[in-house]
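Chains: A, B, C, D and E, in written order; residue numbering restarts at 1 for each.
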Amino acid sequence: MAAIPWGVMAILLPLAGAMACFLSPRRASPLGLITALGVVACAAGLGWQVAEQGAQRYAIGGWGAPLGIDLYADGLSLLMLMVTAVVGLGISVYSSGYFNREKAVNFWPLWMFLWSALNALFLSADIFNLYVTLELLGLAAVALVALAGGADALTGAMRYLLVSLLGSLAYLLGVALLYHSFGCLDIALLAERMEPSPAVMAAMGLMSAGLLLKTALFPLHFWLPPAHASAPAPVSALLSALVVKASFYILLRLWLDVFPVTAAGLGQLLGLLGAAAVLWGGLQALRQTRLKMLIAYSTVAQLGYLFLAFPLGSNVAWQGALYLLLSHALAKAAMFMAAGNILCFGGHDRIADLDRVAQRLPLSLAAFGLAGVSIMGLPPSGGFIAKWLLLEAAMRSGQWWWVIILILGGLLAAAYVFKVIGYAFTQAVMTHEARAVPATMEWAALVLALVAILLGLVAPWPLALMEIGLPFGGEAAG
Amino acid sequence: MGAFYHDPGIRAVNDVLSVILLLSVPGLPLLLAFPALRSRLSWPCHIALLPAVVLLAVPEVVSIEVPWLLLGTGLGIDAASRWLLAMSVVLWAAAATLLHAPTGQPADDCLTTCFLLTLVGSLGAILATDQVGFFAFSTLMGYGFYGLLVAGGDEAPRRAGRVYLGILILADLALFEALLIAAETIEDLGFEAVRHAVARSPSPGLYLSMVLVGYALKAGVWPLHFWLPLAFRSARPAVALLLGGVPIAIGLLGMVRWAPVGEINFPDIGLIIQGLGLAAMLYAVLAGLERAQLKLLPAYAAILATGLFAIALGTGLADPAAWNRYGDLAHVFIVSLGFGLAGLATAIRWLEARYHCPAMLARQADGSNPWFERWPGAVVRWAARMGFDTLPRLRASWLAEVGRLRQVRAWKRMLDGSERFLQRWTFAITLFLLLGMVVVAFVGASSWIG
Amino acid sequence: MKKTMNPKSMTESGKIRTPFRLLLMVLLSALAAGLGYAVSTLSSQSPGSGEWVAANLETSGVSNPVTAVLLNFRSYDTLLEMGVLLVALLGVWSLGGIPEQRESSPGPVLDTLSRLLVPVLILVAGYLLWVGAHAPGGAFQAGSVLGAAGVLLLLAGWRLDARFAGLPLRITLTTGLGVFVVVGAVLMLVGRRLLEYPPSFAGALILLIEAAATLSIGMTLAALFLGSRPEAGPDR
Amino acid sequence: MNWDGWLPLLIVLSSLSVGLVIFFLPEERVATRTTLNLTGAVLKLVLVGVIIWGVVHRHHYETRLPLLPGLDLVLRADAESVLFVTLSSGLWLVTTVYAIGYLEGSPHRSRFFGFFSLCVAATVGVALAGNLITFLLFYELLTLATYPLIVHRGTDAAHQAGRAYLTYTIAGGALLLVGTVWLYGIAGSLEFSYRGFVAELADGHRAALIAIFALLIAGLAVKAALVPFHSWLPQAMVAPAPVSALLHAVAVVKAGAFGIVRVVYDVYGIEFAAGLGVTLPLATVAAVTIIYGSMRALFQDDLKRRLAFSTVSQVSYIVLGIALTGPIATIGGLVHLVHQGVMKITLFFCAGNLAETLGIHKVSEMNGVGRRMPWTMAAFTIGAFGMIGAPPLAGFISKWYLGLGALDAGQGWVIFILAGSSLLNAGYFLPILYAAWFKAPPDTWPAERSFGRRETAWALLAPPVVTALLTLALGLLASAPFSPLQWARSITTLEYAP
Amino acid sequence: MSHVFLYALVGTGLFTLGLYALIVHTHLLRKILAINVMGSGVFLVLVALAARARGAAPDPVPHAMVITGIVVAVSATALALALMVRVRAETGRAELSEERPE
């Protein structure tokens, strides 16, 4: 075990930051930024550690698995942590310009809690601890959505809260069944002791359904667009980029490690729902008249891609799904930020009137466009690499119908992204006074979008990191 | 990757002078064709002829290979082409003088350029020693001549020009095909080599017919003569002077040089061609008498002469030995035809300037286009209908169908409705999915346990 | 875009048709049956980690196994859970002013009762905190009782003095989580793992954490009941 | 990696970096922008010169960066890529000069030139791509970089054109992607190599290989504007003239055609492809496109639209040359890749000059324009005759080899296609020339701008004249060393070596 | 079957009952209560099954889990109620509207 437990620090630091922000509301913004930098450093440290020494296990309280709670960092959790760090830093920088003082007081502690919850979730190796982090995450996220105020945001937040609680409870019931079946909560131990039984199957159904609800997989996505679209821009960004991914991450962990099911039926069912999400989200996104709604439905579609890996089940497919997750996190954060800039500048986000705004915010539009490239899955971008891997997996497994879905989804994405981009080239007169957008907000969006593009050029490194600890069980898996 | 090392750049030339000379015969007029380069010169068209004159003065047979030009071509002069060149120089000089006479109009820049380009084409074609070069120059000559016909003229020359242009394109197509067939047969595209090779190839018929049709079109041989009367009727004096010596002569020269006459024995085709030639002569006489226009006389004379030439050619095809014996006369014939037609044209101009001839006005006034002008128009109109109307209309109707589909609000409503349904039955759907999961899991489990 | 409130859909959403209810019942019964079946097939021999807990109870610093699990073996859960409480409060506060309910003046009975009960409740809370080390009880129970006392006070119309409503209140609210984090961090600084108590200090540390947590939980619950950020004096 | 290993990447970066810098230049820094543009273009040309020299001297230029496990981003200079890279970087220089003149004083120039440079960077990437995934990467980048140029004017028509362009190209890209992935799944490699790399897979994968071929070609055909994927191209002519030049000659259409070259020769190998029986359908499609494009061009009154349909027709010559199995036709196809670019860019430059100087957009407005703008129209005339295939211009050489190749391959019917197309070409170009030179000019032009003594701005006039002279030179000097024809011949020897 | 399982079955029953209420009722307060009922069901399952082993002391871990769960549920309920009050203040009714914001 290495000298410095970077992973633990990545959890404690934002917690401490949250309390500091809470205690000193006037300095919330600088305190938050400092914490963000610290967390990024922790993630980098953990990355270095994992890359050097392989997967890490950390027994909290020194008790070890059956009794205590373990933290576990392998390639999968490391990448999640890192993408959270990058997006989180971007969101922090963006938020320092976005919120007025009054809102900032509430935003920063909640955001720090949320970040802490995310890090804790990605590092946890204990299914009950996962439940706690999930709740921490969910409550913080709901509170952040409600921060926007107004009927839309509050209704969205309410629905989101109910959905989140329902999902958590289903998950918790599953946890109960698993614990009473095997007497342990640690993922690795569960995997060892796993034996199929009706209780396990019920737990699997309950936990999957609960997590799917939280991940907003079609047809359980209904809560996502209103919540994500009505939240403040940085919150939309972190919800779409990170929060929905958290529950997917748990699902992935359970699926890969705990449930030793090769049952093709459930995989195909998930794949089918994913495919439906891709198409439905794309179609709905295309139909939207408001930019943030469009982006939110785009998230629904992109989440669908993640589930295409389940029926494929091969190493390459998992890698593709995870890569999509990473690049989508970056790209979608950038998109929501760009939309936030537009909203902030022009006072509205009606797509049809974007031509009044778009040309006056070239950086934001560029960010939107670059992020769009990744969303569409065009090269060179992280989205492309992900799509390539998924396509390859589909081709290799002979399940060519997923190829069609992937391609159709890409086309739909192109349609809705360019529906927006097109307005960048006409210049209409401004009808009202515009508000200046701070440069930090524009650059934060652009830099995140650029990182999403960059992911397409440096793929071997993240893919190599992903393999640490063999989260996908090596080449033969599936 | 090394193919081009072996290609010689410019191969050693024994006589640098002949290279310069031969190249400058088409080269100088080509340069002068650029208005900017001749703007200071007072007699550009005459100056352009100087290299040709010098070349005529050189007594020996010279020829060069220019491997880097086009697909590797050659220029040269021998006894036969010397006569042609001499004829051309004389005619061109005369025409240049005529052209220069009414100078003073700045708009004639275009005309001068066309004149010089045609000059390049005709001299180059005479000097060319292989088919590609000949084809290139004769094409240039053709389009240049079209410019000469049309430039600065009114409706009548334009119509002549249009018809000539159509002929020209068709002829070039035919000749291009012939050229391809030749190139397919043999690598070296020198005239002699091609004639030999084609004659020995299994089916020289296609090549022969392409060559004959192509050059017959260019030379205005009956029944492919339609542009000739139009051109003679409307051309300005300088151009009328050139008609015999340039397009017709080059056309006939092409036939002589390209067709494997004297190498193959095609009595049937020969007979047909002879018949055509005879018919041409008959037609020329009849039509010339019937139309009775002074200005058209050279045209019918040309048809008559080319008919005669066709008879000779047919004889050559039917009886190679005869052609080999008397074939050289063809060049003499061409030269004299050029001079003769030029003389005739000049004479008629001169006569016309003296005596007014009302007959031609009456003929022109009836306005009915001959059939050969009508049907190309019809073809174009038909094609227009095909391309312009049918296809877009098909597309339009298809688009309308799609548009109707798009208009149907049902799609929109369906999308809206389902989304609202999903929102409304929020938790019920969750239940369904939960059940689905559990059931699938159970099924999976039972099959797995069992 | 105009926003229309369709009255028809409102009435529809208010009432759910009977066939649907029936269908729902059938489906839910199926679900209940399935879950029940799953539960009933569990082996009656518990494979739980009870014996592990029992084996390590001595070194945990407390003798009540539940407290040992909560504050030692799985103290990390509890740490995060303190965070959950605080987040909920932050969320409630960030919602802004909740429209004040009609102020009903507390009757004399309530007033008297609260004066009587609050000290008792505080005492009970202290007891529960103390007893948690070896018998049922502990920080949450104590905190809840404390919270109840706070609620009672609030019902009786008592409001926190503006002087304490700012930083002092916030410090109290964060004490539980703060002490937890500080203890964990200090333990890490001295070379142990996160929340790896030295066996000799375990009892004391747990008590310290529990005390802080009790205070925070109580305050948080009361604050949650109040619903909005108390009017504070000017912040430092 | 030594210097040789970085050169291909440098060529791509020479315009990519310029583009990125230009994006951030303020609109009014005209001089800086112009300098940057020209520096980039000249630098690229110099680097290309180095590469040509090196390739002739058998240097191996290859940049290899890891992209995915087992798949590299490969930029390599081989004979084909040098042909295309020379074309695009040469024409880019000319087009840049032209664009600087054309857009003088118009808004959003930084954006325009930024994307302009990106577009060329992508094209050069397409040219230098050493495997299919690198090709795909730059091919899609090209799509993205071109879209802003097409909608640059921001009018409704421009948006519509942009939408059409995207609809086609993104769908095409998707097909290409599927084909590529499938191929990778079967072959496990995507490296281009002379005579292809899939031949050994023939057993058991025959049907799949045919399907992949269809997917790849369909994806590429969109950019190459083969019927029925062509209709974006005429719509895209609403873009500014330099963009049209870029679309039709330098980059987009060429990228599609070049891709087909790559797929047929370096993925499948021409002999194997012929053995699969996929080349004849391709040739048929190309033939149909040739005729159909010309037919449509015949009836367009909008000059640029007519030119666009002409491109549809002409680019298919390249495809036809590729699809006719045989070395001579290959020479024709490859050489037409260059020749068509030079000729068509001339025509578009001229059309742009007419629009910019006199406000002429329609053929019917061109009466007597030769008097007013003799240099421009002279260049146009040369380009048009080149397109018709009149000797001794560049188009003649292409047509010559195509025809000969068809005969050589025993596909006599192609001759008739070529003849018909020439006829139609003449049908739609010659009336323009006739009107321009021989009809009387109108009293006033639609929107005349005065440029003093010259007929138009220097930067607008020089490019078409240069490319027109190039058209002439490519025909006249076709057999000279280093000519595209010679280069195509040497490629052919590589692809057909026993 | 021991009484422990009976409790556990009651727990699952509460869970489904809560789900039913969550689906059927439109008023937010009822929905929140339904969630709480569901939570109670889960807790019951957890605690009941902890005492399965005859004679042995009940497993303390589920108890700890339930305590944690209860705190979480309390927090969530508090937030939900506050949110509900705000929703009611904004929209005039304590229901989730199906109207999508246009």
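The rule is simple: contacts are C-beta pairs under 8 Å (C-beta built on N, C-alpha and C of every residue); 3 or more make two chains touch, one makes a residue touch a chain.
Quantities reported herein were computed from a predicted structural model and do not represent experimental measurements.
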item: Partner chains shared by chain C and chain D (touch criterion as defined above); value: A, B
item: Chain occupying the most central position, where position means C-alpha average; value: D
item: Farthest chain relative to chain B (centres taken as mean CA coordinates); value: C
item: Between the pairs B-C and A-D, the one where more C-beta pairs touch; value: A-D
item: Whole-Å separation of chain centres (CA-atom averages), chain C against chain E; value: 15
item: Centroid spacing, where centroids are CA-atom means, of chain A and chain E in whole angstrom; value: 27
item: Interface hub residues of chain E, defined as touching at least two other chains; value: 12, 15, 19, 22-23, 45, 49-50, 52, 59, 61-62, 65, 68, 72, 75-76, 79, 83, 86, 96-98, 100-102
item: Multi-chain contact residues (two or more partners), chain B; value: 419, 423-424, 426-428, 431, 434, 438-439, 442
item: Contacts with 2+ other chains: residues of chain A; value: 128, 132, 135, 139, 142-143, 146, 159, 162, 166, 173, 177, 179-180, 183, 197-198, 201-202, 206, 226, 289
item: Chain pairs that touch, as defined at the top of this document; value: A-B, A-C, A-D, A-E, B-C, B-D, B-E, C-E
item: Interface residues, chain E side, partner chain A - complex; value: 12, 15, 19, 22, 28, 31-32, 35, 38-39, 41-42, 45-46, 49-50, 52, 59, 61-62, 65, 68-69, 72, 75-76, 79-80, 83-84, 86-87, 90-91, 96-97, 100-102
item: Complex interface listing, chain A residues touching chain D; value: 362, 366, 373, 376, 378-380, 384-385, 387-389, 391-392, 395-396, 403, 407, 410-411, 414, 418, 421-422, 424-427, 457, 459-460, 463
item: Chain C residues within the chain A interface of the complex; value: 1, 34-35, 37-39, 41-42, 46-49, 52-53, 56, 72-77, 80-81, 83-84, 86-88, 90-96, 167, 170-171, 173-174, 177-178, 181, 184-185, 188, 192-197, 235
item: Contact set on chain D toward chain B in their complex; value: 55-56, 58, 79, 295-296, 298-299, 370-371, 374, 385, 388-392, 396-397, 399-400, 403-404, 407-408, 415, 418-419, 422-423, 426-427, 430, 434, 437-438, 475-482, 486-487, 489-490, 493-494
item: Residue ranges of chain A in contact with chain E within the complex; value: 128, 131-132, 135, 138-139, 142-143, 146, 150-152, 154-155, 157-159, 161-162, 165-166, 169, 172-173, 175-177, 179-180, 183, 185, 225-226, 229-230, 289-290, 293
